[in-house]
Amino acid sequence: MQLGMIGLGRMGANMVQRLMAAGHDCVVFDTNPETVQALAKEGATGADNIQDLCAKLTPPRSVWIMVPAAVVDKVIADLRPHLQADDTIIDGGNSNYQEDIRHQKALRDIGVHFLDCGTSGGVWGRERGYCLMIGGDTDAVQRLDSIFKDLAPGMGDIERTAGRSGEPTPAEQGYLHCGPSGAGHFVKMVHNGIEYALMASYAEGMNILRHAGIGREDQTIDAETAPLANPEHYQYDINLADVAEVWRRGSVVASWLLDLTAIALHEDNELDTYGGRVSDSGEGRWTCQAAIETGTPAPLLTAALYERFSSRGEADFANKILSAMRYQFGGHHEKSES
Amino acid sequence: MQLGMIGLGRMGANMVQRLMAAGHDCVVFDTNPETVQALAKEGATGADNIQDLCAKLTPPRSVWIMVPAAVVDKVIADLRPHLQADDTIIDGGNSNYQEDIRHQKALRDIGVHFLDCGTSGGVWGRERGYCLMIGGDTDAVQRLDSIFKDLAPGMGDIERTAGRSGEPTPAEQGYLHCGPSGAGHFVKMVHNGIEYALMASYAEGMNILRHAGIGREDQTIDAETAPLANPEHYQYDINLADVAEVWRRGSVVASWLLDLTAIALHEDNELDTYGGRVSDSGEGRWTCQAAIETGTPAPLLTAALYERFSSRGEADFANKILSAMRYQFGGHHEKSES
Amino acid sequence: MQLGMIGLGRMGANMVQRLMAAGHDCVVFDTNPETVQALAKEGATGADNIQDLCAKLTPPRSVWIMVPAAVVDKVIADLRPHLQADDTIIDGGNSNYQEDIRHQKALRDIGVHFLDCGTSGGVWGRERGYCLMIGGDTDAVQRLDSIFKDLAPGMGDIERTAGRSGEPTPAEQGYLHCGPSGAGHFVKMVHNGIEYALMASYAEGMNILRHAGIGREDQTIDAETAPLANPEHYQYDINLADVAEVWRRGSVVASWLLDLTAIALHEDNELDTYGGRVSDSGEGRWTCQAAIETGTPAPLLTAALYERFSSRGEADFANKILSAMRYQFGGHHEKSES
Amino acid sequence: MQLGMIGLGRMGANMVQRLMAAGHDCVVFDTNPETVQALAKEGATGADNIQDLCAKLTPPRSVWIMVPAAVVDKVIADLRPHLQADDTIIDGGNSNYQEDIRHQKALRDIGVHFLDCGTSGGVWGRERGYCLMIGGDTDAVQRLDSIFKDLAPGMGDIERTAGRSGEPTPAEQGYLHCGPSGAGHFVKMVHNGIEYALMASYAEGMNILRHAGIGREDQTIDAETAPLANPEHYQYDINLADVAEVWRRGSVVASWLLDLTAIALHEDNELDTYGGRVSDSGEGRWTCQAAIETGTPAPLLTAALYERFSSRGEADFANKILSAMRYQFGGHHEKSES
């Protein structure tokens, strides 16, 4: 079927390519005209602006937005005058689900459907397919079914869940209508909250393995340093790339994130090209805020988020306060790094 | 080759079956004679006791121990008088790696090799193969190579890590010599520490999804209750089994643990057969202790461990102290459960 | 000076008494007429309703609101028609500071000042005085100075901070103008976030002391139970009331919360009258949400909040998921409480 | 009474001075002869070495050791040949309580008593007195009672705990016999574990206050940055020194650590002289290990410890792994600091 796509970054452009490969007809726009031209060469219909994109779509239109969360408001405002009743907007980016609820209410006034679609898969999605978590009215979701189905990975060669039989459900094909407006991004939000914690779990474990040889270093003896009671217990030199590799087969911790870790560590066991300043793009925060608002304990998810903040230096002032207190009560001077 | 197996519980018995299927010759013993007889019917050589097991093995013997960590000491003591120089003991259970260091030292005196082997795979291992993390002297590890290789899953149909080529390494086949004595259990220990945190990450996320409808409940208004500012943001009724299912395909959080979660939730979305008292069997604790001793921050791994403690009521007294303080400074009486 | 007080619960009534003792003239109202009558007997002017209260105050009026956060909106709406330009409302309860910003904007239209005042001190405040954290326009704050000063504890016999000299600042007397609208409740919010964490710190430590004798219990030996390596290290029977008491003098952890803990434990070392379901009243949540929004790592503050959620059973479903996973991969059945 | 003191650092020297002021007779030794001479000038009997110190003490001797934990073993070994039955060693430093159990056993063979004494008070103790947590045999503790009493702060002007009456107990005077060997250091260990968490609680809260103005900064708009939904909520410029000051009077979070924070922030609100690399000297680690071994959840105490590790860069590799994973699945490049 025909789909308009606004936003041709890493995600949007790949999705258009996957859809075109499945036979869909895409009209595309981005503020960067080069990305439009690139996809036009591959068979997409390029648009010069949002009005042009709407003009090139046959009503009832379906317009997929794939832009940073902070820009969604503006794109919807730009779209609004060029849409008509029964058209559909799909926000496939990483918006806060509360925005979806607001957007749907506002668009309902002019009869335009609004769907929210959490989209997971990263740069690998073009080939592997995208996992889609969808929120909104059932009718509007149904109409887009062929788009969702073709963006999703399908059953693939993943073993079927014990107890499931008969015609595969959409969930088994990698896309799910999660509930009314916002439900898709809510589930995607929690997905990312979990993602942060899974990543941190591996990272912490690997970091312990990397410290497994500290018993070989000379131990400092003073009142400021915790003594290492048994240096003979920490004499190992563990090959992290090999550990990630062996865990990929038969272990309880096998996962796609581990596969990626194995790739990265095989390239460079020291990860020297990375500085360790870890960004967060919103969903992890919103997940923890939802945990707090609903009174749900989520210590790991939140700790993972805070580790990212700390990686960017945001704990520095708190640490200075600790040093200041230690100096005040014990006359402890900070030890230098060396 | 020939292998003795002591301990025929869930893990040990399955491993014997996998080894026999690969053509190995197993001599088996367990304090429960029924499990010995059962395997004997399938082709294993049953032994009446440890002495008998040693007598039925041709030197240089290889004896694999698969018993609870707390029993390993006794089994090694029982084995010792019946072994001779160049025999090998492999502890494949969940022992603390520091015990391995001690055992190896003690057995070196009589020329017996000692290997530690962390074994992951659970009840699925018989079919899928076991992920093996091995510690000890290289010569002793080499001699057992065919046993390790056949217990391990092999390459299977798991995609090869980008950048790896040529003859598959043992790690790519699911077994790894991690370093000297203790290194295998050290890596397995951290593996389990990560496992706890991965599990808790999914559990916390699913729990948030389960709380996504609390805005539909009546809100209590008093000074003891945090008000829910926007009940309209929490009106969802998310199908957790479907969410677990959809995440299995194409999402960043796909993993084997998620596959298992999908099975469990498909059986019963409410998980009513479980009480939620979660055991821990040692490795999670040791991982956190290693983190502490080596000065490696591991907040998620430790939080996951503490969640298990709390699930068993071990935070109850701390909570009473909080209530007592609140009463003391604010005259706050506890709210009842209803 | 003259002050109206709406809300005569634990906090409000005590504050009126403290103000009257300092010579202020109080007009009081509460939906519960008995509390109004009780204070009227002590010299306050009782009001039958909000309109009556406003009528009994001489313009420019000052009306202090001391009600649950969820009721503030309604009280302000009820007050509004009876106020006039240059009157002042002070919200002294535990409102979210974002509400203050909203309230101030709305009241500015009719020339009414709005101050937010975080009030700490609990049931002890009447005697000890209240620590006040104030937000709003400087002029309005100044006008109420004598009220704030008399509610606050004053210098008391607390040692002056090294380096401070001259006329004591308001902060040294226990009240502080923290900044524009919302700043008072913002500082009070963080105060309570810290309070939760301080409380949890003591509670966790005391709980460890309470577990110091577990080595005397029989140890279970099975694959589901983490073995206690050195039972001889946990043979103590620590008197918690005495520990709290000794820490009150000369130790680094001395604090008012510890004083209260000492009282509670001296009454009953077992705290048997408490069930351990710990409420949270909003500020702890808002503090963590502010931490998340501002990208500030706050792992302890958030962990303290989550402990309270867990104390109320909100982790139960997450724990069931852990048990379900363990059963799926390892055939582990839950251990009963026995 | 007469007491030998070995170790004349910050703590030991101050304690000798406090004891001499109370009329006790001190024989002192340190590897640094200058500190010996300094105290000799004030009235102590200087010793040239450990043998000399023992010779100058009248049996039954009492020798207090005040040295780094890592040196205690050596000092006891040096003392041993010069002591005789019924002499007493007191380890007043920050030793692991498990060492006490070991030392007591070893010294029992020659009839020498061994007491462990956790000593809190820092550089302020000389004037304020030290909070003492004592472990060991009752007889030996009794014999030293006058020493403990005079090192301790006494009742002072701290309000008596409600419900306590009659002759003040030792706990009310600031010293407590906590139980058999190791109990003193066990309680001191947990004390320090709590101390770390209290410190971190204030530090996190202060850090949130310091971030209260981030809404005034320009917000970055891209897919890598979590958007700040309501910049108008974060427009404050909070004076941290004043906040610490106001909380000292009447608030729930008043404490000695807060008093110290107020001093430090009054000196320099920016704390520019501190780098924020925070040491830990063992007890915090041991507390968390005890929590883990006893199955007691202690998330705050452990988070506080891990924050210190992270402040020293020990999370850096874990953060690199996170960045590497993000690059692998999403093509995310790290953002630079500016």
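Residue numbering begins at 1 within each chain, and the chains themselves are lettered A, B, C and D in the order written.
Simple rule for what comes next: a residue touches a chain if its C-beta (ideal position, glycine included) is under 8 Å from a C-beta of that chain, and two chains touch if they have at least 3 such contacts.
By chain, with names taken from UniProt: A, B, C, D = 6-phosphogluconate dehydrogenase (Decarboxylating).
Bear in mind the structure is a predicted one, so any value in this text is a computation, not a measurement.
Comparing mean CA positions across the assembly, the chain most remote from chain C is B. Annotation: 28 Å between the Cα-based centres of chain C and chain D. Per-chain CA centroids place chain A at a distance of 43 Å from chain D. Counting partners per residue, chain D has 122, 200, 202, 204, 207, 210-211, 226, 229, 252, 256-257, 263, 285, 291, 293, 295-299, 303, 306-307, 310, 312, 314-315, 318, 329 as the residues that reach two or more other chains. In terms of which chains touch, the assembly is arranged so that all chains touch all other chains. Every residue of chain C that touches chain B in the complex is listed here, in rising order: 9-10, 68-71, 94, 96, 122-124, 199-200, 202-204, 206-207, 210-211, 219, 221-227, 229, 256-257, 260-261, 263-265, 271, 274-282, 284-285, 299, 303, 307-308, 310-332, 334-337. Those residues of chain A that touch chain C in the complex are listed here as 252, 285, 288-289, 291-293, 295-299, 302-303, 305-307, 309-310, 312, 314-315, 318, 329.
For chain A in complex with chain B, the residues that touch the partner chain are 97-98, 101, 120-122, 125, 128-133, 152-159, 161-164, 169-176, 178-180, 182-183, 186-187, 190-195, 197-198, 200-202, 204-205, 207-212, 214, 226, 228-230, 232-239, 242-243, 245-259, 262-263, 266-267, 287, 290-291, 293-301, 303-304, 306-307.
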